[in-house]
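Next, two complexes with chain A in common: one pairs it with chain B, the other with chain C.
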Partner chain A sequence: MARTDRENSHTEFAGDGGALRSPWKMAWRKLRRHKLAVAGMWVLIFLHLFAIFADFFAPYSELTTDRRRTYHSPTKIHIFHEGKLVRPFVYGYTRVDTLRNIYEEDKSTMYPIYFFVRGDKYNILGIESDLRLFGVEAPGKIYLMGADRYGRDIFSRLAYGGRRSLFIGIIGLVISLSIGMIYGGVSGYFGGWVDNLMMRISEIIISIPGFYLLLALSAILPPNIPSDRRFMLITIILAFIGWAGLARVIRGMVLSISRMEFVAGAEAIGASQPRIIVRHILPNTMSYVIVHATLSIPSFILSESGLSFIGVGIQHPLASWGNMLSEALNLASLTRYPWLLIPGFFIFVTVLSYSFFGDGLRDALDPKTQT
Partner chain B sequence: MFRYIVRRLIYVIPMLLGISSLSFFVMQLAPGDALTTMALSPDVSDEIMEAMRARFWLDQPPYMQYIRWITQLFKGDMGHSFLWHAPVSWVIKQRVFNSLLLTVVSLIVAWVLAIPIGIHSAVNQYSWSDKLLTFFAFIGVSIPNWFLGLILLYLTMTRGWGFPIGGMTSIDFAEFTFWEKVVDLARHMFLPTIVLSTGTLASLMRYMRSNLLDVLRQDYVTTARAKGLAERVVIYRHAVRNAINPLITIFGFQLGGILGGASLTEIVMNWPGIGSLMLNAVQGQDYYLVMGNLIIGGVMLILGNLTADILLAASDPRIRYE
Partner chain C sequence: MKRRVFVWTLLLALVVSAGVASAVELVDPRVLDLGNDYGGVVGQYGGTMTVHGGASGPKTFNPHRAAETSSTDVTDRIFEGLVTLHRDTGLVLPKLARDYEISEDGTEVTFYLRRGVQWHDGTEFTADDVIFTFDVVYDPNVGSNSRSGLLIDGQPMKYEKIDKYTVKFTLPRPHAPIMFSIGTPIVPVHLLGEAFKEGRYHEMWGLETPLDQIVGTGAWRVSSYRIDQELILVKNDNYYEFDEAGNRLPYLSRIIFRYYPSSDTATLAFFNGEFDYIGIPANQYPEYVDREPFSRWSIITAGPNPGTSFIVLNQNPDAVPEPKLSWFTDVKFRQALAHAVDKETILDMAMNGMGYIQDSPINMRNEFFLKKDIKTYPYDLNAAAEILDAAGYKLGSDGVRRDPNGNPIEFDLITNPGVPIRQIVGELFQEDLAALGIKVNFQQIDFNVVVEKLTDTFDWDGIIIGLTGTFDPNGGSNVWLSSGNLHMWYPYQETPATEWEARIDEVWREAQRAMDPEVRRQWYFEFQDIVAENVPLLYTVTSENMVAVRDHLRNAQPDGIGGSVGSAWNFIWIDR
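Up next, the complex of A and B:
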């Protein structure tokens, strides 16, 4: 089935005259009519911007702790003070129960919320700044989504954690796509014993229970390596597990494409084998690869958050959406401080948006559906 | 067909060698070994450590350890667990049943619910019930099962649902009569089963719905309707049969993941299965326990895929293996 789809779209690409709409434009038009896909796309754009510009959106830096505000409940935002409408503000809080960390508003102190304030310093793309979207004046604190065990702002950590949790999917995907496409391309193009050997090797990778291997691999990472290198290593491990399935599908597609006339044509004019694979054959697998990519990013995100959740992925004090949830594994904390669950909803919304977007993309790139 | 199966089974041996050697050497890359924590203890003298290392071949180079391990494996000995101070096969045997119980029950729940729901959704396409079910399916597919577990734990704790949290049996389980035991086990299984079956249920239902919709558009369905068959007969006799076929491959994959797939759920719901065992084994660098788990998981995966291929050939006469 998939094979004939490819052939159809190929002829459509080739027969594309100047007056006709380009296939990418047609796909875009189809995608735009898919409301859920468009909604998913916007949510994803927003979440990624939120993570990239975490320094701007988050009122506090990732590592700002406050031991006097352990498990601070989310601060309420008020607009009425003594019956009068004022600019949005939060009250100061006092800890009334130090054992169970219960906080109550202290109505005598109020901290107005200002926008574009000076806060913790940061450095983004070489630009030093301390401009943050919003904040309250010092001794006051604003915790939109509460605080964790060390009094760190969960909202801020969500923004910083998104840098790892969201981008691990994209980086890991790029790596596993490159390996998978080249591996599958070479295997399918050469065929014979090369193909046989390469496919047996990929079968071994596929037959390893993924989660177990992930556990084993992340356990070998020394605990004291720098956190950014740890992040890269975990990404590489995830990519290493993910490439084999894609390689097999690409191989199948390449097998059928390499028997087509334009490949024989390229061979006849003396193109080299790497050139034929990379320039002529692989581009024909593109629309499948794009859909596969969108739909498999969530699995990277889920693996990272699952690993970090049980403590073998991204390590504290750095935030990832998974390790922020690991505090909720403690049942007492979970019941008393339910805002610890918020990062899970971010993972859920991200995965949901990717599946909506991927679904829409699949319909849009499928030449069988009508415009 | 028979020759095909035999050939596939012969493949299993080099594949297991590949899986095991890869994971063994990966494990060796970690700093320290299974006895590192023991060596830190002041009660253990250096001589004892030397003796222990020699006894478990830890003083040998990794490839010698691997060769020894693999020869033992072919004799049916999976090695010694350092954490449990017991043979690996014994430790795994303790947990395998628990994992199988949870995953098999969850699979059954998922399949029994997903097929009728999927059929209902497809037959009543775009009705409000179909939209509602599709909505829930998207949620079910997208929610990480360990997060769903956390939410259920939170609700159970705060809403007083009365389900036991964590574990598999009550403390006084041994004194129960048979039926009390069954009830107790079922109550403990309730939440983990929901957690584990939700994702499977949701994706199966989606597959069933779209497969059936595809089949209902085909010419032979139109023919069946045109010759005046009752709609019920058209759907259940003709369409559903063909729509279920592609699901068999999925069933094989699920068979393959039957041991490894529940790991996170087991850890969150504190279910004493293979997954939580594996986490402890990895953290404690208990090589042979990790290897044992990997091998069993790998065998299950390979057998699951083989079963899927055989089932597919059995159900679809167009597929023939040479």
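Up next, the complex of A and C:
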């Protein structure tokens, strides 16, 4: 039975079956029943939007420092002033203890929170703007999640850092998926000594201790390359050691798919080998690939965090969740400035959401589970 | 017949015992007046003290192979020199020598050795050991760390044994700082002489050597070592130092070094009562202050740390391409950048304000040589911009500053990760220079790579690094002489590249020749003025030296020359 199922799914996927329900719709229905997966999906959508539109959501740019507000505690938002309900506002703060960096509210100064304010300039998709979701008037400061050592707003840096930490996974995945699918497809389709050689090569790559390779590679990156290119290079490095595992599974699937009738059919009508691999065989591995993708994004995110945490990934002052978390790597930060751990919480939530979502997706895309 | 044998046996026994006794009889004990000279009190015997040994333990027990502090911290307890420095005043005091004499013209130094001092194995210490030690130190194959300090204009001293207890050194020219380097650890000829002759000295007394074979004259000997975990020193029962009441030192029976890789772990271990004292990293100071009132230990602040932290720009014409070389060799450029170092914020962020702004290359503890009224570069971006403008480095309308030839100014700045102050200096400097229109690419790279660039390949633009300080200014010879190996901005020069470097070379040599401290001081004052004017190193800040000491530990004051408690071990005691 499984065999027929697979063929059905093939024909429908290829788009030429007039079935009542497409497999995507069925999958979506199954996914919706999976409450955790849906929750994970919404969290991920929210986080990614937060990162993409960081310029809008963050009250400050990621580089805005304030040297007199080292380790500023999160500012409290008030709605009552002298017993009266007013527009939400924050008080000004003064540093009462320079040794321990303790800040106290100065009740004589009030800074109302305004929405859609003009703040630090930014440029998104070629559009220059300075519109930000919320903010307070200078010299007031709003630190929703406190400040780091340089007086930079953690909340803003989380948004900007998310761009790197979240998208490193997606970009890296696209690269490693492309390599892995084509490599596995070619290897499985041709078989024989080609397969043998290609699989041995992929085994060599799998057996390289990834994190140490990353350490070595990122150490030799020259210091003067721009930070965005550095980020891309790290992504590519991550991708290039991540594809081999996928390639092996794809190769196994292709090996069995390529013995099926529709492949023989395609060969009979004279389709070229690359066309058969790309158009006929690989689409049948798609459900596995999607699940694999969702479940392996977290490993990219964690690798980036790990690298940045030990100081060889994304470099200060640019934010990434990993290098923000490394600021919390000492006794004083843990006991006195616990808000420095918030990036760790974001990493945790993201990875967990991807896992839930991936689990749900696997169940939804598996043709063997019944609707 | 029987009686005769008995008498002979008795006589023989007498002779033997007398012979042994005379070989070990201590004629010249070293008496420390704890009350008057060291601010201490006469103590009680016994007890074990546990200290934090740092991140890792010794790599060797051979004092002339030990290069890093993790090894010398231990070998300095086992081996001793002819002279030592007073722990508070820095004055030269006889140690294994009972006295010394410097000739009128300053070219001859005669040491009279303490008679009856024993090596740990009971053999007597004599002039032969001293001669042997200097043979070892001057042998380039040994690679002793003391060698460069004992060369005068590249020449070794002559040294000869006058008698069993007298050694005379002859210098090629008067050299005042020699007394600060001549106290190199003395090693036993009767145990190492053979190996030295066979050219195997550098292989001796590594970690694989049985510990009872490591023999010195010091107050301590190693009894056990688990590599990078724990090292135990036990006291030398025949040590030649006594307190003013006639008690043989040291008081403590054992000292345990424990090694922890991170200073956070060490701090927690101290809070758990594992250590008897610990040096407080400035950035952890609040943790200690908050716990002090409820704890049975006290914080002692002990003045500026002798180490330095600075930014240095590469002026090496063989390694730096144009136009960077013209910028870095331009004194106006360096002066402007010195104004862009926000020392107060660095102090605040890296050390919670527990430290000092540094302007002079002289160890801040050495008040005598430190010049107070030198040119300083307070943080002032406007002043920096003015100097740059005046020197032709103009800010364009695009916010980029360009040199007189129109090249945008941009350079790399590197340091090693894991030292918070260097990261803070780098990030603030990068931000401040960005405000001046100068782009700095700041990156943290592996320490070994930084050192390799600094000492070997020279391909760097700017580095943030530090030096450990010595008490006497002459300790900076390898940094300030233009031929020095740590003359970082352009090392190993054959002839000085600039006039001011040539002048520093002259001033430095004059200071070495001057036997009168007052004259020496004037030379070092001029040296400090030249450095302040030409800013080859952009100094930042140095931390306050702070130690947390358990209340039961007596005589455990940090010393005046480096803020270290270690120099008091011979007379620390535990009050029960």
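We adopt the following convention: the second predicted complex is superposed on the first by the 353 of 371 C-alpha atoms of A that agree within 3 Å, B and C clash if a C-alpha of one lies under 4 Å from a C-alpha of the other, contacts with A are read in each partner's own complex, and residues count from 1 in each chain.
As a working rule, a contact is a pair of C-beta atoms (placed from the backbone, for glycine too) under 8 Å apart; a residue touches a chain by one contact, two chains touch by 3 or more.
Quick caveat, the model's predicted, so the values are computed rather than measured.
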Query raised in the report: Aligned on chain A, chain B and chain C: do they clash or fit?
Result: clash
Query raised in the report: Quick one: chain B or chain C, who's touching more of chain A?
Result: B
Query raised in the report: First (chain B), second (chain C), both or neither: which does A:I310 touch?
Result: both
Query - Which superposed partner A:T98 touches (first chain B, second chain C, both, neither) - result: second
**Report entry** Which superposed partner A:T335 touches (first chain B, second chain C, both, neither)
**Finding:** both
Query raised in the report: Is A:F348 in contact with chain B, with chain C, with both, or with neither (first, second, both, neither)?
Result: first
Query raised in the report: Which partner does A:F46 reach: the first (chain B), the second (chain C), both, or neither?
Result: neither
Query raised in the report: Which partner does A:L302 reach: the first (chain B), the second (chain C), both, or neither?
Result: first
Query raised in the report: First (chain B), second (chain C), both or neither: which does A:F116 touch?
Result: neither
**Report entry** Contacts of A:Y150 with chain B and chain C, given as first, second, both or neither
**Finding:** second
Report task. Would you sort A:F211 into first (chain B), second (chain C), both or neither based on which partner it touches? Result -> first
Query - Those residues of chain A which chain B touches in one complex and chain C touches in the other - result: 219, 310, 312, 331, 335
Query raised in the report: What part of chain A is in contact with chain B in the complex they form?
Result: 200-201, 203-204, 206-213, 215-217, 219-220, 222, 298, 302, 305-306, 309-310, 312, 325, 328-329, 331, 334-335, 338, 341, 344, 347-348, 351-352, 355-356
Report summary line: Within their complex, chain C touches chain A through residues 264, 267-268, 283-287, 289-290, 342, 345, 348-349, 352-354, 410, 412, 414, 417-418, 423-424, 427-428, 430-431, 441-446, 449
Query raised in the report: Inside the complex, what are the residues of chain B that reach chain A?
Result: 11, 14-15, 18-19, 22-23, 26-27, 29-31, 138-139, 141-144, 146-147, 150-151, 153-154, 157-158, 165, 257, 259-261, 263-264, 267-268, 275, 278-279, 282-283, 285, 290, 293-294, 297-298, 300-302, 305
Query raised in the report: Of all residues in chain A, which touch chain C in the complex?
Result: 63, 65, 67, 70, 98-100, 149-150, 219, 223-224, 310-312, 315-317, 330-332, 335-336
